[in-house]
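Listed after this line are the structures, all set down as structure tokens.
Both of the next two complexes hold chain A, though its partner changes from chain B to chain C.
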Partner chain A sequence: MGRFKFVLYRPLQTIPVLIGVSIITFVLVRSIPGDPVRVLLGPRAKPSIIAAVREQYGLDEPLVVQYFYFIYNLLHGEMGRSIIYRVPVLDVIAERLVPTLFLLSYALLLTVALALALAIVAARNQRRLPDHLVRMFCTAGLGLPAFWLGIVLIMVFSVGLGWFPVSGYGDGFWGHLHHLFLPALTIAVALAPVLTRNLRATLIDQMEAGYVQTARARGMSERALFYRHVLPNSLVPTVNLLGVAFSWLIGGTVVVETVFSIPGMGQLMVSSIFSRDYLLVQGVTLVFALGIILTNFIVDVVNVALDPRIDP
Partner chain B sequence: MTGEPILSVRDLTVQFDSGDGWRSVVEDVSFTLNKGEVLGIVGESGSGKTVTSRALIRLLPDRVSRIAGGCVDFEGRDVIAMSESALEDIRGGKIGMIFQNPTTHLDPVMRIGQQIAAGLMLHLGLRSRAARARTIELLDEVGFRDPERQVDAFPHELSGGMRQRAMIAGALSCNPSILIADEPTTALDVTVQAQIIELLRTLGRQRGLSIIFISHDLGLVADFCQRMVVMERGRIVEAGAVDDVIARPQHPYTIRLLHSQPGLTAPGSYFDLDGETKSRNETRPAPQGDATYLAIDRLAVAFSRKRSLGEILTRKPVRDLAAVDGVSLNLTRGEALGLVGESGSGKSTLARSVVGLVTPKSGEIQLDGKSLGKPGERQRGPWHRQIQMIFQDPVSSLNPKMTVGETLAEPLSVHRLCPPADVKDRVLGLMTEVGLEHDLLNRKPHQLSGGQCQRVGIARALSVEPEFLIADEPTSALDVTIQAQIINLLMRLRESRGLTMLFISHDLTVVRHLCQRIAVMQHGRLVETGSAEEIFDNPRQDYTRKLLAAIPRVARAR
Partner chain C sequence: MKMKSVIGGLALAGFLALGPAMAGEGVLKIGRDQDSVFMDPILVSQNADVWVMNNINAQLVRNTREATGIEPDLAESWRISDDGKTYTFSLREGLTFSDGSPLKASDVKFSLERLRDGEESVFGSMFGVITDIQVPDDRTVVIELSEATTPFLSFLALFAAAILPEAAVTGDYDAFSQKPIGAGAFRLVDWRRGDRIILEENEHYWEADLPKLAGVEWIYVPNDNTRVLQLQAGEVDAMIFVPFNRIAELDSDPDINVHLDPSSRMDHVLINHSHEPFDDVRVRKALAKAIDLDSIIEAVTFGYGTPANSYIPAGGMFYNADNPSYEHNLEEAKALLAEAGVEDLTIEFVVQAGDANYEQVAVLLQSQLAEAGITVNITKQETGQVWDTIVEGDYDLSPNYWTNDVIDPDQKTGFVLDGSDEDVLSYYTRYNNPEVNALIAAARVETDEEKRKAMYYDLQRIAQEDVNWLGLYYSPFRNASRSNVGDFFQNPMGRFMLETTTKQ
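Then we have the complex of A and B:
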């Protein structure tokens, strides 16, 4: 299995990326107009107190020194204390990460299921009614903004039918599953159309491929050759697209989290930016960056597993 | 030696949806295949031979095509009227099929063993372990050297020839009585082609197979088949025993096909095609003087291999792939030198480095006594105009967005060869010279045939008045009658313009026809050079002999 050797050294390549991300966020956050201490203490705070608090958080040091403190702490597993919450940044993130991860995985699962089912139906009934219906769904899904769709789903299924809770995150695995269904569906409806269209096109393309002819000439039924040859050959481009979509989603859950009042990372990101909570913004950004790097890594591994010709 | 009919086709008509109604692609085709015989179907692209072969087991695309009439009688049943499930039993079970391109016709993400075993499990009901064991036997039978291990190989891990062997193993896995082979060797090198034909011959004899062999190559059909049918524009124009058809062709199209065979017309003379002037017989101009025109001295070209991050960091030396490995070659002015070799032999890379499309690693190229510059520091110069190239794929070597007129005018204005007012006249003159009708001036490549595209490519090369023409497999993508026309054209141009030419081909007969001297390449090295007669009548190297032996029979006759 020489092709999988990259699993060992690829993580090393993320180090320069992470250093770059840390520098950029560090500088960007500090170039936003505003001052976390003033936000924290209010407009009428005395200058001496402001100076004292600034010193306490190390904000009076030169930027370069502050950056090295940040990296030094990071290497010791510390991200510093949140200025607003006054607890370690890691604790804040840990608490918010779980709902977001749950939501993302849930949405991913629904998206893949939806896209696979729709694309297969559309491709196998090319230019017939099911294909047209799928096309209409895709156009609608692309056109509906997530906040609007979320609100409509809440009104119909939560307020109207009472099947799902209006907001929140729920308790325990089944509670989460129940509470997060509508938010995950909202994301899936937005994400699935692109994947569906892509997969449908690839499937139709592959149905014309030479090896399908060979399999047909060998007496294989249409159904068997679709699932044994056409589908496996169509997955690689779709997995790549899914990786891109998922990376985008990692930073883009904020709308859905806001509509459904889920205490997740997206919300945390926005609130920490508003309060100029430098250390928290840095922490959240780094976690997002890690998530995207991890996603790309997983996509690479899956691709290598799916296609024996790929040798990274 | 052949028995009773096993498959008979009567009045088969296949239609395709042309956008405005159904158009017949195959019309009233009738023939029979006898037990144990090899039947050839010969024709050029668009003749309907592939569609006919697919129609025999109804492998045509739904909706855009339909079988409009006729029947295919196999074992007392009509394949055309059969139910889908009965058809699935026949496909692969009773009639096996192999295709032109083993690279695209094997599933790239599935191990070859699994692909072969699928048929065994489907038709013979074998369990996976038994199917695997049988697959290994089959791979052994078709000439795999290490079937136990190679059964788990993916298609991309095998060479083209081995892939075609795997495809044959798959088609024969369930002991069918008929094998349909659709251009099974067209994508392969000549020596590999000879091996595959030999394999089919042996397997056919051992298993008592009846084979339908579809090919554009008359020589190959003459070599391999007992009977043949000739197809043109969807109809059978001639049928009979191979020897009769070749010795006494009746239909004008068959005669034209035979006259287009490079091996059947005396080297150096024009092909006798209707519409082409059939002037002097011996047209080869003698080399004008002995002065060396192009001198290639110990030229080497290497392509760097992909390096891993570890190899880059540790600066571990990586051996590059030597595409051309120390080749020295001279051309005298006015000479036509043929460069032959199989794929990967480095012949195209050599040509590309002469034109300057590839940077050599070492060595020197001199044109007319002047060096074209050291590797890496080659500059633009007048030789850019002197050396021109014609490419293999006539369609993709033209810009799809440019009309014929624009394509031909571009080099004239780039090199400022004539005042803008005269460009159109020059373009029309070039078109006349290469035999293009003037009303094609505003056509784009996709509105032209392959032969017309290649004529545009030749006219484009000629537009800058070159002295030296490099033709890289200019006819391999073309039908044989079109090939004959293009070769006629190249010979006429050489005569009228006194061109020096480097002609690259995998086809020895074509090279023999056009060139006085032949150079043979293998693995980036020059194996042998000599006059065309020497190479053909008295080859010194084993590899050259192997190449010559691989030429199908009809081309060698006479």
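Then we have the complex of A and C:
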């Protein structure tokens, strides 16, 4: 039990991280040239109107004052109002978070299923045809750009065969599952190769390990040996890698979201940066940071559970 | 073994595809490239917002279908006093907003005063001529102007002059702004940001038997290829902004109709007149002559554009088809540069990154101007930045476009040619010709149509001779719909005339 004590104090460690993220985002997004109010009102708005709106949003105040307001609001559970949408930042984020979380979980599930299946087939058929095929898939998967693969999948499975919708998010759980299959698959095809290669290598390593040789000498069947010992012992590095991949995905779904028109966080992030919606960028970044911290935390917990030797 | 489960999975997925039913009859789904952000008519000017507001709002008057004149909307008739300063409107009988509440003259007064006085009202200055609005009864509105303003009626057809329910706007504004109420043909039912806007037929709409559709869904599909694929798969009934390079392909599909509706869009290249040597008209003329417009139009618009010879769009009010234009002539361009004493000219060309057409224009201009001995440095900036650069004047040339908001040329002319307006500086070109400024002011109050037309012919000629900017091309709106959709039409002001659109 002692090994899990970090569950209690780890959340405290996230506070300085979040403060750091908030300061960096706050300064960075304001230091890129451009003006949210100009984007909001369009090129035909006269400078006098622009100035009036800037004042209304407090954008004419010194940076320190603006940051103070931001933190003050944050401590009261608010993130301010989006400059472009003119509604609370939290409302905008809440609308977009669900599609992205659904897509990420779906993609992760497909990735793990794909990687496990491929790595096991490859490792158990080392240097034979299935292994070569898996390696070919890995190279191809890594090389295919998501926007291209997405369009090809749409052309084959949506326009050609009519099995899946071209794009969108759908209604209800089954609707989401149906609409998000191709986007999740697009992500999985890009992500699975990294995990597959890693897992395959670890599996092969483990199959040659001393304890495996011993068990084999004692007459244990290859099948039982593989699923009872080799596979569980190979998972720790893969879970770590999965955590890294997931963290990367949290901010990296924008291409897939754009190709498949999914109203998610990735699109929101990019559009809010383009429109210089400072408060929205800050909100989205904080949510992303929280997501990444949470992912790492879960990875730690899973690792401790998987490997009794780990004591953080 | 593994292969089998993959096939099984695909079969299951195929089964799932049978699940969702087809879209409801008479609901038109339109795929579009941009998302709406806000829909208070006085606070926005982006097409993505305006085009949806056009469907849910109504004004006192509106542009005719082809945008060649003004016709009654909420007002059934009006009278203009002889001195041109008093407008008296009679509202139709029994008007209501889409929520069923009555639309009264007081709502008109409220909406127009809000438009004129709102601190953030984008088009407020156009309505500064209104000195007083009287409502003698619920169906009569009397508007007094400080001076006779010939284009005033066309201003009232602007989307920003929509008549809004006073009670809803002054009540819970946040609720109103997220679910706006108007008196147009449709009412807004659901607004899912980043996804779609769902409109339903407004049963209270004043025009009998319209709209013909039960509803409209504006669906945000940012990726051009995806939007085309959605149309091909029948997931949407129509799409807007067909990329130029896909027009021919879509047109050959028997299930799809491509609509190239005439637009008021004009693409041009802004010139910063405050940067030397662009203050010299000979240098600006040299640029105009060094450009091979035909090859730009062929490359960028696949030949769907036509060369622009006036700042007024072809087919627009007072457009002069015989306005002079510049022939491509490198020798003359070089001679003009030599005459102006300009050598080794280097141009800072600021272009909006990510806009394929502009980036193409930039590269073509770069190679064409190189033949005249002019060096072009292309600087790419993204949307949020490029307008600041132009407003601040940190550029030499920058490509841009304009679509008209009102049919009368007054608004655009004032915006792009009136150097005496220190707020806008001739659309930030810093072009300032006192003769032009005076002519604009005179044309605004001229009531004789023929004289006014002659003034605008002069303005077009002078602007062209002065090379206020480099006119590029006029191009049509490019939309497409499936063959079961009837009368999908976008008028030259950009308004989608969805009232009469049908879907079988």
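Rule of thumb we're sticking to: the second predicted complex is superposed on the first by the 308 of 312 C-alpha atoms of A that agree within 3 Å, B and C clash if a C-alpha of one lies under 4 Å from a C-alpha of the other, contacts with A are read in each partner's own complex, and residues count from 1 in each chain.
In this text, a residue touches a chain if its C-beta (ideal position, glycine included) is under 8 Å from a C-beta of that chain, and two chains touch if they have at least 3 such contacts.
These numbers come from a predicted model, not from an experiment.
Considered on the superposed chain A, chain B and chain C are sterically compatible, since they fit side by side. Of the two partner chains, chain B is the only one that A:A209 touches; chain C does not reach it. When the two structures are aligned on the shared chain, A:R228 is found in touch with chain B, with no touch to chain C. Legend: residue contacts after superposition of the two complexes on their common chain; A:V27 is shown touching neither chain B nor chain C. Of the two partner chains placed by the overlay, only chain B lies in contact with A:D307; chain C stays clear of it. When the two complexes are overlaid on their common chain A, residue A:M220 makes contact with chain B while staying clear of chain C.
For chain A, the partner that touches more of its residues is C, with chain B and chain C as the two candidates.
Here chain B and chain C sit at a least CA-CA distance of 24 Å once the structures share a frame through chain A.
Touching of chain A by both chain B and chain C, each in its own complex, is seen for no residue at all.
Those residues of chain A that touch chain C in the shared complex are 32-36, 38-49, 52-53, 56, 84-87, 92, 95-96, 117, 121, 147, 151, 154-155, 158-159, 161-170, 174-175, 177-178, 181, 258-261, 263-264, 267-268, 271, 273-276. Chain C makes touch with chain A in their complex at residues 2, 10, 13-14, 16-17, 19-20, 35, 37-38, 43-46, 119-125, 174, 177-178, 192-195, 219-223, 225-226, 229-230, 232-233, 235, 381-385, 387-391, 405, 415, 423-424. Residues of chain A touching chain B in their complex: 9, 13, 208-211, 213-221, 228-229, 232-233, 306-309.
On the chain B side of its complex with chain A, the touching residues are 57, 59, 61, 88-93, 96-97, 99, 101, 104-110, 115, 118-119, 122-123, 154, 156, 167, 170-171, 309-310.
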